[in-house]
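Each structure below is given as structure tokens.
The two complexes that follow have chain A in common; it is paired with chain B in the first and with chain C in the second.
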Partner chain A sequence: MTAMTVELQPGFADKVLSAQSTFRMVMEAMARPGHVMPVDDGGGRPPSMMAGVAAIALTLLDQDTPLWLDAAFARAPDVGTWLKFHTGAPVVTRPDLAGFALVAASETLPDLTSFALGTPEYPDRSTTLILQVPSLSTGPTFHLRGPGIDGVTSLAATIEPRDLFARLSINEALFPRGIDVILADDQSLVAIPRTTRLSPAGA
Partner chain B sequence: MNAPTYNFAYLDEQTKRMIRRAILKAIAIPGYQVPFASREMPMPYGWGTGGVQVTAAILGPHDVLKVIDQGSDDTTNAISIRKFFAKTAGVETTTSTEEASVIQTRHRIPEAPLREGQVLVFQVPIPEPLRFLEPRETETRRMHALAEYGLMHVKLYEDIARFGHIATSYAYPVKVNARYVMDPSPTPKFDNPKMDNCPALQLFGAGREKRIYAIPPYTSVVSLDFEDHPFTRYKFDAPCALCGAEDSYLDEIVTDDKGSRMFVCSDTDYCEGRQAAGHRGVENAAPHKEGAHG
Partner chain C sequence: MSGDTALQEKRRDAMKVLSHVPAAEIETRMAALPVPPHQDLRAPESGLVMVRGRIGGDGAPFNLGEATVSRAAVRLQGGQVGFGYVLGRDGGKARLIALCDALLQSSDHAQAIEKEVVAPLRARMQQERDRSAAEAAATRVDFYTMVRGEG
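Our next item is the complex of A and B:
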């Protein structure tokens, strides 16, 4: 029995201040779409989860946030127990019931319209997608426009799935309904709220 | 050792998470009022419980906090809230607009321009701009969903029919990002143009009404008007009696019981800064008329 026991990874070393500093990074990222914000590696996390995703989960999830995990996270042995222990978020299997969705692998990202998109009266009742991506510092360049951006800004990132930004164009017709996305890697995060319009550089 | 201890910035962590999630949604949908589970705070409704909760949820140990009440750093409300966070969060406080990273405000926007990275937190009494036109929440919610804002234009038109101009002088409705009509809280309309394309993040908290909304940086904020009755920011006919500023919002101060009065900057930090820089007003201004200029 003891050979099978794997010690659960810890969460934030300082729950209060790490959650606060991570939140400010997320808030700043949401207020300035495309701006890459650093994330402190606040503590432990499951091996398959990048630091940015773990910090966001510890900061925003609790018993009030139905959580949807993609197949890659759902089958990783320690992710479910770690999230349950540290956040208490109930895991749901229907993406349209989720307040937050954690996605580890692009091939298991379902069609974006399968998530909650809010209603015209309550557009805030939508899923926030937290997507683990390979790199937020190098890769193809995209131009971003919208609230929070002074004119136009650009983001160079390696994002899987490659057509994510094209898929996010549904937000334009849906607004004020829509889906907000936070991209995170091991050191940083970027937010793409539903108001941001994306186009590949050179297009 | 018997003194009661609080969590950092007073609120418990679960409450902060709930407010933080609402703030993120508010930023993602500019001008939309996000419902949140407002808590009782150790101060009465109307004293800024919404703003205080937003500030408590975002404040960190490295922040420098400024609190203003009608532009002033030294009124009871401003001092109480500043002391509240100095005590419960141990943050540094300031009266300088420049030095502050978080500014909580009741009904003014500082005269000094705000910069990127600053957060302006408004205390909001009635967040719903349509509330006095339509009392039913279900109806105002539907009107926002359909972007049906004709009623608001009727209200402004009735102003024109009755007074010859749009007489609404505070809580002047704005349209955010060409979608949601929003109440900028009872700031004088003088401050409305400062909200447009502002580099700082603007957050609005209504404690009693349980709503949070936001204007992200660099977002269009347009004061509603008509082509033939364009929005005007009023201009005072006299400069500040203390610092001589001609571009600031003025308060009327009664100086005796014989009708004497003076007009001074509402933004005390701005006024003191100008006086420190050597600007002088006439000390005792003649009564002036307030009028609208194009």
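Our next item is the complex of A and C:
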């Protein structure tokens, strides 16, 4: 008898309701940058993937969203199969062709300009980066400002790579093109859309 | 690799039977067997598939229309994954078939499933088909044509 080489994990326990509530959370997070939103850990996922990333993947990915995986996710034998089984998203090797990019380890995050940045006519055709980070509840404080934020909001988070916001400063010159980022840990997610800027501390 | 193809052949044969018999019959036969712990990998869901057709042996394929299918996937504790696809909206049946498919891949249960579930249902299905074939055969009319003589 043949044994399955990879233990395939289930997805959302209740596909429709979980996807709807996660979609709502992502939309809410995009509308309120820097605001920490809870995600429900409603089911199975590969061991190397955090619940937030898994929930976003199950909600947003389908066969029409080319997906780029960083080296850490691409190496994990169960991640590719799991994503293929539950979402059907085609995995691409060129980051500039991807609609979404899942990044597990910050050291394998390539230069942000290598992703799709959209075009002036279609700025929405850019890659949305889904970044798995250690913690969105503890860590250094970041002060953020921009549309969707009343004044300045602070976000205490342990974000890898540490210079993420410096890297995201390319968005300033690129606007309306640019990269949207969703940070996710095991319980929550935070969106950093392309309009959000790091505010000087205390300002 | 021949072991793999033999297993695949067995699963395919079982699916040919199970997808055609009523869900209730599979269920009653399954109820008599011990079923190991398992979990839904993909809960039963319904969707549409495009059915393609051809007219004539060399006709180009065309889209005939969409058909409703239900599918499910089940994983046993041992890691075997079974898939079930059935025409129609009976998600429960898809799940039942997926479970049978998974059990067929497990060495502990394959024998029992084959003997207690698939084989009797296959016999019944064959019987049913023979009966309807016999009914149709009873109304058959043979037309004879005179053979034209040579020369």
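What we mean here is this: the second predicted complex is superposed on the first by the 192 of 203 C-alpha atoms of A that agree within 3 Å, B and C clash if a C-alpha of one lies under 4 Å from a C-alpha of the other, contacts with A are read in each partner's own complex, and residues count from 1 in each chain.
Quick note on the criterion: contacts are C-beta pairs under 8 Å (C-beta built on N, C-alpha and C of every residue); 3 or more make two chains touch, one makes a residue touch a chain.
Just so it is clear, the structure is predicted and the values come from calculations on it, not from any experiment.
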**Report entry** Partner chain(s) touched by A:Leu189 [first = chain B, second = chain C, both, neither]
**Finding:** neither
Query raised in the report: More residues of chain A are touched by which chain, chain B or chain C?
Result: B
Report task. Could you tell me if A:Leu131 is touching chain B, chain C, both of them or neither one (first, second, both, neither)? Result -> neither
Query raised in the report: Is A:Thr59 in contact with chain B, with chain C, with both, or with neither (first, second, both, neither)?
Result: first
**Report entry** Touched partner set for A:Glu7, first chain B, second chain C, both or neither
**Finding:** second
Report task. Tell me which partner A:Lys15 touches in the superposition: chain B (first), chain C (second), both or neither. Result -> both
Query raised in the report: In the superposed arrangement, does A:Pro120 touch chain B (first), chain C (second), both or neither?
Result: first
Report task. Would you tell me the residues on chain A in contact with chain B in one complex that are also in contact with chain C in the other? Result -> 15
Query raised in the report: Residues of chain A touching chain C in their complex?
Result: 1-4, 7-11, 13-15, 85-86
Report summary line: chain B residues touching chain A in their complex are 7-8, 13-14, 16-18, 20-30, 32, 34-35, 57-61, 116-117, 141-142, 144-146, 177, 179-180, 199, 201, 214-220
Query - chain C residues touching chain A - in the complex, by the definition given at the top - result: 3-4, 7, 39-43, 45, 73, 75, 78-81, 105-107, 110
Query raised in the report: For the complex, which residues does chain A have touching chain B?
Result: 15-17, 19-21, 23-24, 26-28, 30-32, 59-62, 64-65, 99, 119-124, 126, 128, 147-151, 175-176, 178, 180, 193-195
